[in-house]
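The first chain written gets the first letter, and so on, giving A, B and C; residue counts start at 1 in each chain.
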Amino acid sequence: MELKKAIAAAEAILFAMGSSVRIQDLSKALEMSEKDTVRVIAGLQAKYEQQDSGITVTQLEDAVQLCTKSEYYEYLIRIASVPKKIVLSDALLESLAIVAYKQPVTKAEIAAIRGVNCDSSIDRLLSFGLIEELGRKDAPGRPILFGTTEQFLRSFGVKSIEELPSLNDQQIREFKEEAEEEASANLSKITM
Amino acid sequence: MELKKAIAAAEAILFAMGSSVRIQDLSKALEMSEKDTVRVIAGLQAKYEQQDSGITVTQLEDAVQLCTKSEYYEYLIRIASVPKKIVLSDALLESLAIVAYKQPVTKAEIAAIRGVNCDSSIDRLLSFGLIEELGRKDAPGRPILFGTTEQFLRSFGVKSIEELPSLNDQQIREFKEEAEEEASANLSKITM
Amino acid sequence: MAIPVKLEAFEGPLDLLMHLITINKVDIYDIPISTITDQYLAYIDRMDREDMNVTSEFLVMAATLLDIKCRMLLPREVDEEGEEIDPRAELVEKLLAYKMVRYMSAELREKQEDARGSFYRTKEDLPEEVLEYEPPVDYEKLIGDNTLLTLHTIFQDIMKRRENKVDPIRSRFGTIEKEEIDMDVKTGYVRKYLIGHGRTSFRKLLERQKSREEVIVTFLVILEMMKSGDISLKQEETFGEITIEVRDPEHLEEELDSGEKEQWN
């Protein structure tokens, strides 16, 4: 299939399906390899950028979905009932950050890092659909393991969990060095 | 607002709204006259045509809506329609055998022989095109008479229903007795 | 010493500790444990103790701080390689991990703010033609191994099954009429019985009934007669004998006559 036609077909599929479509499923519908499908998605994305479109295509782990470009938000809210922004308290955000970076992670592990019981914040994050149960840890009591959802990626505009500022050794070292210098400024901002 | 930007904003709005949007409402969101809004819609339409998009904008009375271009429906079908399991279950085979040997036959007669309600198996056999309606029986309620189709003959590799392995003498005698009762009425129906 | 802590809500003990370290402008790797512990204790002393869960978490940290403070006064323990162990090391690790979480949450908050302008569709919008599409039937797959002979065998099986269902002998019998037990007839019978016996037990009355239906109807008749005051029932103990006593034999006889007349008319 010609690339132009494949791009249009992908657009038609993504538009009609509304929700996210796995690249694997898209490649089956387009009858092409996943590698070519990724190329088609890139083509669609490029088309949206070049032509100052109001919509764009975002990647969410191994799936893709159409969404409006944020610069047109002001027009949207005048007419569409945009879902209310979820306001996350510091406590929720801390628990969410731990889940995002340490997933799969148990409640007890989250509580150990935060130094407080996290039951209620976990429950709220679950109800917001930002985290989900991934299974159970092979440990005494078989505790539930939590991880972030696709909704998390959408809400925070990240393509993949990998895209989050990673915490590899190098960065942790840097961070430790930084910690001493910047410390106060950053913290006073958060705690206010 | 620049036309290009207005087109993108309109696209974002139409995408987000999903359903049809009245031109009047669109013009308010874009903060421009309805006349200019119509121009913007024309621009969006032109953009979709020029760029071989998978979507297009349709106008309905005084409203507009984004929708998938019909030439891409085949791709949608491939991703959206769940492949149905197509095998002849025992229930289907029983009903089919009864139709084959006793045609023309009504639903009630098939049900009486099988001892269970056969509505769904008859529906499925009809949807597979293995049986068809032959007419109506001249009996209370004028029930529909069913018989096998040409597709049935083709699928089973026979030229005519006469080729069905004949039943043994005893059974034939029984059938004949029954047949005399139902008799001519049935047959005359078929010729209608 | 003066407590430089304004009473404000903290997320947890680590949050409070970070706050103390920040306002004291001390190095996280070299915490003046004595000062910080004093301030920490002073804070939780003034804390709202209503939420026991939160309070206990703060108390655990207080105990940890006191433990570290004690160990700081003792000669240092050494690890396998002979290096001195700083009693604060574990706490520093925890604080660093927590600091990292705080940093990451700030990062997430920013991301959320940036992402907030994008609108996603949640519903699918499939054209009717797609929704109503029926895939063409693959007859080869559908028919599979089935042949006309299969149909023939199946049909014969059905007919056989049907024959077996009908018991050839019993099917020749006419239908057996269900015996209806007439409540009035039974009432007459019970009245006659009671007039003859005057006083009897319920059990004895039932012994003369042939079927379950008769027992039920007899029971109903007894209840009815008790309600109209013709008889009285007595039972000494649970599951014990129920004694039926006729209260007005003459009235019962009158009723018996009229009842029979009604029936014959």
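Keep in mind that, in the parts below, contacts are C-beta pairs under 8 Å (C-beta built on N, C-alpha and C of every residue); 3 or more make two chains touch, one makes a residue touch a chain.
Values in this document were obtained by computation on a predicted structure and should not be read as measured data.
If the chains shown are joined wherever they touch, the resulting network links each chain directly to all the rest.
Set side by side, A-C and B-C show the greater C-beta contact count at A-C.
Ranking all chains by how far their C-alpha centres lie from the centre of chain C, first place goes to B.
If each chain is reduced to the centroid of its CA atoms, chain B and chain C end up 41 Å from each other. Taking the mean of the C-alpha atoms as each chain's centre, chain A and chain C sit 35 Å apart.
Across the assembly, chain B contributes residues 12, 15-16, 18, 68, 76, 80 that each touch 2 or more other chains.
Along chain C, residues 119, 121, 123-127, 130 each make contact with two or more other chains. By the touch rule above, chain C contacts chain B in their complex via residues 119, 121, 123-127, 129-131, 133-135, 137-139, 141-144, 146-152, 154-156, 158-159, 161-162, 165.
Within the complex formed with chain C, the chain B residues making contact are 12, 15-16, 18, 67-68, 70, 73, 76-77, 80-81, 83-84, 86-88, 93-94, 96-98, 100-101, 113-115, 127-129, 151, 154-158, 163-165, 167-168, 171. Listed in rising order, the residues of chain C touching chain A in the complex are 11-15, 18-19, 22, 25, 27-29, 53-54, 57, 61, 94, 96-109, 111-112, 114-127, 130. On chain A, the positions that touch chain B within their shared complex are 4-5, 7-13, 15-18, 21, 25-26, 28-31, 47, 51-55, 66, 68-69, 72, 75-76, 78-80, 82.
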